[in-house]
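Just so it is clear, A, B, C and D label the chains in written order, and each chain counts residues from 1 on its own.
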Amino acid sequence: MGGASVSAPGRVDTRVEMGGVTLRNPVLTASGTFGYGAEFAPFFDLRRIGGLVAKSLTLEPRSGNPPARIAETPSGMLNAIGLENVGVDAFVAEKLPALPEGVPVIASVFETEVDRYAEVCKRLTGVPRVSGLELNASCPHVKSGGIEFGQNARLLATLVRAARRASSLPLWVKLSPNVTDVAEMARVCEGEGADAVSLINTLQALDVDLATRRPVLHNVLGGLSGPAIRPVALRMVWQAARAVAIPICGIGGIVTGEDAVKFLLCGARAVQVGTANYLNPLAALEVAQGIERWAGEHGFPRLADLVGRLEASREGSS
Amino acid sequence: MGGASVSAPGRVDTRVEMGGVTLRNPVLTASGTFGYGAEFAPFFDLRRIGGLVAKSLTLEPRSGNPPARIAETPSGMLNAIGLENVGVDAFVAEKLPALPEGVPVIASVFETEVDRYAEVCKRLTGVPRVSGLELNASCPHVKSGGIEFGQNARLLATLVRAARRASSLPLWVKLSPNVTDVAEMARVCEGEGADAVSLINTLQALDVDLATRRPVLHNVLGGLSGPAIRPVALRMVWQAARAVAIPICGIGGIVTGEDAVKFLLCGARAVQVGTANYLNPLAALEVAQGIERWAGEHGFPRLADLVGRLEASREGSS
Amino acid sequence: MTRPLRLDAPVVENRDEGGPHRRLRLRVADWPGFEPGQFVMLSPGARSEAERSDPLLPRPMAVYRAEPCDGGALVEILYKVTGRGTTLLAEARAGERVRMVGPLGRPFPAPPPERPVLLVGGGTGIASLFELAARAADAAPVRVLLGARTAADLMGRGDFEALDLEVGLATEDGSAGRRGLVTELLEEALDRQGAASVYACGPTGMMRRAAELAAAQGGSCCHVSLENTMACGFGVCLGCAVPRRPGGFALVCCDGPVFAAEAVAWAGLP
Amino acid sequence: MTRPLRLDAPVVENRDEGGPHRRLRLRVADWPGFEPGQFVMLSPGARSEAERSDPLLPRPMAVYRAEPCDGGALVEILYKVTGRGTTLLAEARAGERVRMVGPLGRPFPAPPPERPVLLVGGGTGIASLFELAARAADAAPVRVLLGARTAADLMGRGDFEALDLEVGLATEDGSAGRRGLVTELLEEALDRQGAASVYACGPTGMMRRAAELAAAQGGSCCHVSLENTMACGFGVCLGCAVPRRPGGFALVCCDGPVFAAEAVAWAGLP
């Protein structure tokens, strides 16, 4: 039970150093689930979470897929947005200035070719408000780009190498869960100089609308997210954490502080809240508060002491 | 809406020919979720479903993992049973005779080495009550065996070839979802002479018990099943169906007849009901009745006409 | 724009309105007020002590009206039980709490006083028009045209009839008002009155026809309120996009739900 | 063995018994009867018109008692609200339906007449003993020993006291009966009475100690009722396995939940 010495949440040291970025607390918001940030300003002070990862950016603006783009599934949702975004230049010119000072912003990058990826990384480098980059090498619903990079070790290596050369910013790589061996992909990223890996992106999935006998999504295939995928995400984070030394950002189905603590125990140094932001615009803040409360109540004055502390010896684990 | 000409369910032709096995209707029960069949006799007449796939068998009896073996997750469950089974000989001598005549029985086979797999297949061949074999090449929670076979194309080919040589029975191969490219694995099976592929087995996953800070399962890793994984299963069935000509048995999160119809539309000729049997011992029967009702109400006098009929052209799919 | 809230609002009543229709009243402390056409996101079913993640997504529902009530307001939703979420919502009992986020979305623009106002509602779309009707009534001559398959489907009919304005009805089976489509009533009204401010909410075909009729009647303007599946309701998931004219996409939740009819690419709607 | 049913049983009442305890009564047509120690699987919460898949698994609950009632029976469950499933179960209202599968499991063997009977219950385990107490009372001299942390945790105490048999109580805080552990009462009873048929259900430590005491008292026999997470309850998922003595595993749901104490590998229990 871990001596439940109830100490005031305020007494917990929540700071984490995450692949070259220092965060007030380990809770970020996941790319594509938090808009460009300003949309949440009516609900809470963004400076109270660790940081935000913005919607993935491409070189030019992209307009995304026709409807239907989303659908509900058991304890989850499917999406095929098609990576609609304002493009890297508009992000820098219009979106970043709209954010309050003091919120670390990680810019997520997506493109269809290595050199275009590199170009987006270049344009984001040196921009005052950008604290780091997250390469989205794992978009499961766009034919070109993402899926090949994230699912093929050689391609992934090429991509990370190019991005590493293109930018001096802290470089995170977001991994696809649609692979046989996620640990191998994490090793590839570490080998090419990535500062951290984020996982997981959505699981490639499909659902059918029986009324029309068509896929529910116009794009046919989509990405599954939400609580349904949490156990798969925890498994992959645990496997990646045992494979690499660089820090890991855990993502997948996090709704509460307790969910997030599970990711820390499996080896994630920070987490990202995704789908939960839609159901509850205060989700990220409540997750951050929930982690702090849990740590305080269970006698962990420093969150860093929770990272990777899963007791995974077979003996007596039952 | 598919002209909802409400015809009496009785008028639907539900028979399917599934890789050398003829089934009264396309609903089987998934291996490991229906015991050896007799356990369900108090609830319904087993002859009313298409057939059953028995718990995976090994050469010798196996006793499985210590507790905890199962846990609940959002819209799903985790399991690491450890493939406890009575062994192939006891199955033939004790379990088969307990089953009513007229229920097609598919024997599921699992082992840790190719020649042992082959030996189990041999012993089942010629046994009167065994209608076919399903190779479980995809058990995500046993260190030796399953996971390597199902996740490596070369190993899988070796396994299927050996089983094909060892037995003249209809040979189904059950695929692992924990792969980058399930279509490739299906092609491998077809190439080695498999009569059908079944998919999906459970997604490898992990959950944490915060009270103990240990994995919820003694085995640490387990397999995720239930409604949560249905969209992933539908996606993989759709991909496999486009890759091979042999029939496909769709598995994953099926609870209702409507769920099953989605699998048929995605290209499955038959389906298997798994986790739902636990929550509702009448689930398989109700799924069979539900498919028939749906087909009758939507003007499909032959279920065969539903198979693979997903309208997946992008145009107007929204 | 009004600043949205997120709260678990106590159910004051959740009344059966006949057939599949229900009237939900939630007590909302410090309700910021709302504009006609705005909506809230309601999570399906009452919130239990125990978290449940299925069904996962909240459901968009127009704010039907809101009465001030000690400090806050009683926010009223008129809804139809169609699927899982609304079935669960209908099971919520007085005293239980329902999670609400809102008010959200771009409202109907206030009708200019110089032109008569024509409101055209069909199906659940009727609910989006009530507050607009109630407010416009003071400003300009308002005529409300409601259509449905049959009389029982005319959601909120009594409330509109209680307002001091003209109400025209059309049902496909003739069980109330004119036998036929509500757009036929619109056509006649436009012929009679000439240029008008037309506001339509209902089935896509109905709104599209209303837009055509308004366009044909020189000097008229037409606004429609669109529907689409939503995950967030405030512009961050990009899931509710619909094609817009001349090109690109618009988000129903924050560029809409109300759009000028000219901006809608009707053929591409879900 | 009684043939199990699967049905959606109407809730007749779901009463607050104080603290976290609830008493659920379900109307079950053609109830086949049950034996002491058998259980049912109850799906969490009331069944809605709309399917929900979270939480997914049914929960095992002992049949507390069953009164015949026009044709069928009123099946009573005494339960404690501990987590998600039981929280949702506690929200089920009269008239709603709860999915039930059962009766399931191997019952307690009937006590041989020659020996006195000692029932030892703790925590929610008390619920598994009531029917046994009620039936054994006719056959042999029965003494019921109930233990808990504090008086309020003594589930069903009044029902046992209403039976015509001796009831001994122990609470850790002394708020009811002896201050201390119920196994201390057992130890004294065995010293006083000599060989007895001991039946224990409760926390593992308590059952283990009861088994030791019975073993030490020559001529006694001891049966315990174990708990484990279950998915099916009828022997097909193999999820409820516990190590057995001398080796291998036993399924709590169908080899048990009642086991002869000698067959239990105490150290390996979850």
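By definition in this document, contacts are C-beta pairs under 8 Å (C-beta built on N, C-alpha and C of every residue); 3 or more make two chains touch, one makes a residue touch a chain.
What you see is a predicted model, and the numbers here were worked out from it, not measured in a lab.
Counting C-beta pairs in contact across B-D and across B-C shows that the higher total falls to B-D.
Remark: chain A and chain C have CA centroids separated by 36 Å (rounded to whole angstrom).
Note: centroid distance chain B to chain C, computed from Cα atoms, is 46 Å.
Mean C-alpha position of chain A lies 33 Å from that of chain B. Among the residues of chain B, those touching two or more other chains are numbered 66-68, 73-76, 226-228, 318.
Taken residue by residue, chain D touches two or more other chains at 51, 53-55, 268, 270, whereas all remaining positions touch fewer. If the chains shown are joined wherever they touch, the resulting network links each chain directly to all the rest. Here chain B touches chain A in the complex through residues 1-2, 66-68, 73-76, 78, 151, 178-181, 203-208, 210-215, 217-221, 224, 226-232, 234-235, 238, 253, 258, 261-262, 265-266, 294, 309-312, 314, 317-318, going by the rule given at the top. Contact residues on chain D toward chain A in their complex (touch as defined above): 53-54, 268, 270. Residues 44-45, 48-55, 83-85, 87-88, 91 of chain C touch chain D in their complex. By the touch rule above, chain A contacts chain D in their complex via residues 74-75, 227, 318. Interface of chain B with chain D (complex): residues 32-35, 39-40, 42-43, 55, 63-77, 79, 81, 84, 226-228, 255-256, 275, 277-282.
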